[in-house]
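A, B, C and D label the chains in the order they appear, each numbered from 1.
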Amino acid sequence: QAINSTLAEDSSLSSLKAKYLQIRAQSEKICAPLQAEDYVVQPIVDVSPPKWHLGHTTWFFEKMLLEPFCKNYKVFHAEYDYVFNSYYESIGKRVLRTNRGNLSRPSVSDVYKYRAHIDQQMSQYLTNQKLTSDEINILEIGLQHEQQHQELLLYDIKYILGTNPLFPAYQNKLTLTEATTTRPLGFLKVAAGNYKIGHQREGFSFDNEHGVHQVYLHDYQIADRLITNQEYLEFITDGGYENFRFWYSEAWEWVKNEQKKAPFHWHLIDGTWHHYTMNGLEPINPTEPVSHVSQFEASAFANWKGMRLPTEFEWEVACQTHQPDIPKSANFVEEGYYRPRVASEGNFQFYGDLWEWTNSAYLPYPYYKTAEGALGEYNGKFMINQMVLRGGSFATPLDHIRPTYRNFFHPHLNWHFTGIRLAKHD
Amino acid sequence: QAINSTLAEDSSLSSLKAKYLQIRAQSEKICAPLQAEDYVVQPIVDVSPPKWHLGHTTWFFEKMLLEPFCKNYKVFHAEYDYVFNSYYESIGKRVLRTNRGNLSRPSVSDVYKYRAHIDQQMSQYLTNQKLTSDEINILEIGLQHEQQHQELLLYDIKYILGTNPLFPAYQNKLTLTEATTTRPLGFLKVAAGNYKIGHQREGFSFDNEHGVHQVYLHDYQIADRLITNQEYLEFITDGGYENFRFWYSEAWEWVKNEQKKAPFHWHLIDGTWHHYTMNGLEPINPTEPVSHVSQFEASAFANWKGMRLPTEFEWEVACQTHQPDIPKSANFVEEGYYRPRVASEGNFQFYGDLWEWTNSAYLPYPYYKTAEGALGEYNGKFMINQMVLRGGSFATPLDHIRPTYRNFFHPHLNWHFTGIRLAKHD
Amino acid sequence: QAINSTLAEDSSLSSLKAKYLQIRAQSEKICAPLQAEDYVVQPIVDVSPPKWHLGHTTWFFEKMLLEPFCKNYKVFHAEYDYVFNSYYESIGKRVLRTNRGNLSRPSVSDVYKYRAHIDQQMSQYLTNQKLTSDEINILEIGLQHEQQHQELLLYDIKYILGTNPLFPAYQNKLTLTEATTTRPLGFLKVAAGNYKIGHQREGFSFDNEHGVHQVYLHDYQIADRLITNQEYLEFITDGGYENFRFWYSEAWEWVKNEQKKAPFHWHLIDGTWHHYTMNGLEPINPTEPVSHVSQFEASAFANWKGMRLPTEFEWEVACQTHQPDIPKSANFVEEGYYRPRVASEGNFQFYGDLWEWTNSAYLPYPYYKTAEGALGEYNGKFMINQMVLRGGSFATPLDHIRPTYRNFFHPHLNWHFTGIRLAKHD
Amino acid sequence: QAINSTLAEDSSLSSLKAKYLQIRAQSEKICAPLQAEDYVVQPIVDVSPPKWHLGHTTWFFEKMLLEPFCKNYKVFHAEYDYVFNSYYESIGKRVLRTNRGNLSRPSVSDVYKYRAHIDQQMSQYLTNQKLTSDEINILEIGLQHEQQHQELLLYDIKYILGTNPLFPAYQNKLTLTEATTTRPLGFLKVAAGNYKIGHQREGFSFDNEHGVHQVYLHDYQIADRLITNQEYLEFITDGGYENFRFWYSEAWEWVKNEQKKAPFHWHLIDGTWHHYTMNGLEPINPTEPVSHVSQFEASAFANWKGMRLPTEFEWEVACQTHQPDIPKSANFVEEGYYRPRVASEGNFQFYGDLWEWTNSAYLPYPYYKTAEGALGEYNGKFMINQMVLRGGSFATPLDHIRPTYRNFFHPHLNWHFTGIRLAKHD
């Protein structure tokens, strides 16, 4: 079985339904501050319109559970299969090549009607029917999928608002009173040896964490917190973006072609670096962890420092060794900060705050097997040309993350909530 | 003076204001059937989001009249200059490269607030102040400009809705009861001789109609109505889109690269050609004039027929000779049909229905002079690589058109309301 | 009949053969200074490799005369049809998408073998056979076609050598001793009236000159020589390339995107403008006519001067009126200067020196008919989005040009031998 | 020290010079069958013109040895630095954006003059001067670099000739009499355990092989020969190129966009698959190892087989375990076959024949350090988005390869000499 279900344990129908409804509500809570227009646009191909995320996650439950398992279930709208499927762009006779951001319909209110309908049908289904383990399994995937899209929603909303010339704020929270100093960068040691890698705990996990296997690691040290804006600013000031020596050849092309001078969402205004945050445009906060860096930038920074990024195996073993449990002060989406926080005492920031780029390519573990059927497309087909990130971010739900969780993105991307952790051999 | 004002004649303030308010209201009437999401998208670069049209035409009055001529006028929003100016994409320090369709803000309601504010300021300005002829001139341009954008609004709305997989209707009017037969195609004769070309009547005209001059025309004949869907369908059925002989070399590249098989907004569904109309998807109406053809398609059709398109001079002289006045049955935007109609008795369809492609390149008339200042940019700078269209469409206001009016588009475009009129030498 | 033959008059076989051999030899003479490598490259899509020109013009005679009219003629090489046809890129089963500049074979020596073979076959054919008027007609077209490619050869050779970082010279002739002053710019007057346009003389002409017709012209004046480098340099120095006011909207995009600052083949070296000439890199010669300007640049220059470019009709009538015959001092390819010359006394430079951009779009004349068959593709299918040039250049054979000859290129192009002549209305 | 020199051992000047001259001669031998035109073209950006390879490898010795270490050395040609440097495209004032394939000069004969000059200077230098270990080190790199370009020369020559519609042969050797049957595919076993990875032998090695380290491997099996054309043909026949299930998501885009149906250099002619070989176009030889597959294709084939590609660590350990020494029958460039051979008895094909795609991303080894100075750019900056290949090909010199040698290419590329070896866990 490709996926270890966590729901299987307590599959009383009422608790399944409660979890379903809670996660579904969270997606809508994330979108609550938006105006209708914000739901529609797609400024770059990597960003999807928020209404598409809302529809697509809904379509997943309709297509994967209601259609196959609910007798007499009638499809809500014949064309939604075409609109909300992420895999193919055309069906049948009316082939239309378009991008998601060109579709004004279905409207936002129609998408919410679609959600309400599916939620009502799902509630009924979860109330009346005894689910097989297969159905529970798919339900779990559907919920994990919705949680992943919740993070994407926040990336994409920040992109949409933060590249608008009016720089509208997502929320108008008082800025956190953050520590004005950070602790000096320290290093955690891990001794050489053979270590077990991959998911072995209870609860849900994705197939890409399976294939538990052994890895030999040489002695290494790993930073005890994320790199800060201040530390990254020194790299910029030292000419980091003008010196090809720190960059991969492809990364240097990227810096030149895109005229990169700082992380994404940074703007130099009257000589002062600002960043767009969910509260709007602000001067850089020096003690906050630097975010919106690509793997190219993270690697270049590490080279400049004379260090390197950890491998995903080093990261996992260090996390399991030095902070096996999520600390109380971890900064997940439940906190509602929507930004990384200054590392607090005893928190090594492995969990939450920012996804941490590793120097590992996203590849299958030794005994990896893709799941059967449509769900088999979930992870394996992306195992080329992407780099692994670990640890979750301030936009991740607390119960979604674990030390073995493998996230992955192309190394030039930086619109998501990424950060830097250094490593070295001695 | 580059532009002959029509407003100058009856420049009593109250009538100016009435005309201003009437035209401004018409733009909003056109948008009334839209949902907020429809205002935002930009599916191709030629199409602008409806909210941009609404803001841009408003910005014109603010920038060209209120700012320079109203003492103490305060700009509504500092960034709107950047958002709604059609000419430059960046200002000052926060340079952002983006397309109009990526901007969710200002929201639709903010744009309407902007319109209300400017309308209120303009009303006050038109109530209190004695306008100079310069100001009246600019006001007239502003109103003509808004009318031009009203047509563009309808092109763009049709594009946005008609390329959506749900094919939503713009309106749900009963379909017209149209004649099921058309009169046979006849030809109007014009005798060889020297003719005067260019605007000489009373009333407003654009600078591109000026430079009244003489042109020698050889004997010719021009069709007495537009080509119908049925006639165009014969061209398709006869392999018109598969035979390079009928097409310019560039047009043939366009047919192959874009895989063209029919006019824009046509869809082959279960073996029957349908077209998307403002009432939604319908089977082709054979007697209705064919629309949404590029100049490439119009020329290919004419070649296939063994005829040609008229020059803009032939068109103008034929119109002035055979139908100098707009007939009662002319189909303009005021009728609210939003589609071309079957040619009625005595109506040669020179006015309204569809813009007619000519085989004349858009070039300056002999004594053409561009206006001074920003308004000088209005026409002259587009006089390369475009072809002239004449006569207005069902989306044109009646009082906006005249026999000398020169519209112009690149020859490959066909999302606007275009049609075909044939000509021949004997 | 679409084409008036000049050969028909004296179609004695021996004179036909002599003319054939002379023109064929001229193509090879043009290529004599090249090294094998220069024959192969295609630095931009508009430029063809010299060996392609040599093969393509040869293929024309094989395909249009030897194959259809010579019994038992055997095709020289089955694949050459594919390699040297300019119209389609693929045949049969081995479809290969490639550009001409990617083909190292057939080698230069194989192309010369092909030429020798065809010339031998053609000689035999022109010796033995009584040609029908159809055959004579095609032969004439073939020779005119080869002459046109001779000009293209020189454009393309100059491109290939002039964009090479070593700036090799095509020839090492002593630089001409040119006049160091030019006569002041004067204007020739033409009175208003109806004029006949199109080819009416004896001798060969292309179908695009046919459709002789009448045109009414208003009073105008036209410059009595071409614009010089010195005059153009004043435009540059005055900020001509930095001021959008002088440029079409599309031209301004071109200037910005291509970062244009001067005509093609100009280089600013240590603060001094140089131009690459067929003799290599030289400081600008101020009295020489400016060349390698696009229609965009010619128009912008005219606007800056407060004048305009002539229409092709004004050009033709002025030429027929003020200099109906080619003056002795005209600078054609036979002179071997390979550059424009300073206007000499009594030479208005209508003939030779540089092709002169007009402000006329390339469109059919009123009674224009395309020829039947493959030759019908020669001109008509290009009558969109191009502008007319008149008068020939230093690369044109003397017997190839006449006052009614219509050349045409897209307005942004400037790798060919173009110049500027001004016009005005009073 | 980043690179272990093999020359250091026997650095008598005469042997250094002999090796230098032998390797330099080999490059020219590879190019001997070419015509001048074949040296010039660059059909795709990955391919370089042969004359560029010849000049660039020469420039390396001039720039890295003669200039810094030979007193009074005068640069051969000031512009060659610009033409033959692979790293920057523009110098000084005459900025020219061009591609290598657009440069007809320096001519082939000038490039050979350049080579002769540098070889003469190098001979003198290697005769007269006692070299420091630094100099020996750079010399060794220069020779390895030239050997690498020898392979690239063969890839590129095959591309240039094999995409020409005339399909000229590189050589006209008699086709090998090859075995018409292959041995059945067997598997070699390797037991789980910790293994040492990286270069530990005598002799030269690149910095990317350093950082000797330990890796834990689980039990696995690896194929005892390469996959044949026949085996790959079954994948094609079974719809391998039409079924998305076997492909990475990016690979599937590649298949669809590029309309892939078979390996590169394969052509379906009259229903039979042919491949272009160095002897010209031939029907597929079923027993020959399949070549010209991308990593995308190799992975898809492995998925279809229900197996996988080995990691580079599995490959290295299997090679060291089962065939530590190069067998006599190994097929390297010295054999002059210029194609892979049928696996012979006792030859597992780890060495020569074809580079074997692994499923390992090209990443630094644990203790990897880049070399100082310009040579530091050699490997490290490419360690992103590329996949490792192992074992050398029929185009590799015998003394250039070893079990720890790491080659790397982007996974979509297939114009080089690549093949498939399968692996599985049990």
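The rule is short, and it goes like this: a contact is a pair of C-beta atoms (placed from the backbone, for glycine too) under 8 Å apart; a residue touches a chain by one contact, two chains touch by 3 or more.
Bear in mind the structure is a predicted one, so any value in this text is a computation, not a measurement.
Q: Starting at chain B, how many touch steps does it take at minimum to reach chain D?
A: 2
Q: Do chain A and chain D, two copies of one chain sequence, contact each other through the same residue numbers, with over half in common, or through different ones?
A: The interface is built from the same residue numbers on each side, given that over half of them are used by both copies.
Q: Could you state the distance in Å from the CA-based centre of chain A to that of chain D?
A: Those two chain centres are 38 Å apart.
Q: Suppose each chain is reduced to the average of its Cα coordinates; what separation in Å results between chain C and chain D?
A: Chain C and chain D have C-alpha centres separated by 47 Å.
Q: Using CA atom averages as chain centres, what separation in Å is found between chain A and chain C?
A: Here the centre of chain C sits 60 Å away from the centre of chain A.
Q: On chain B, where are the residues touching two or more other chains?
A: Counting only residues that touch two or more other chains, chain B contributes none.
Q: Testing understanding: with touching defined as stated, what is the shape of the graph linking the protein chains, line, ring, star, complete or other?
A: Its topology is that of a ring.
Q: Please give the residue numbers of chain C that touch chain B in the complex, ascending.
A: Residue positions touching the partner: 194, 213-216, 218, 245, 247-252, 295-296, 299, 308, 359-361, 363-364, 366-367, 381-385, 411, 425.
Q: Spell out the residues on chain A that touch chain B in their complex, using ranges where they run on.
A: For chain A paired with chain B, touching residues are 35-43, 51, 79, 82-83, 93-94, 96, 98-99, 101-108, 160-161, 163-166, 168, 267-270.
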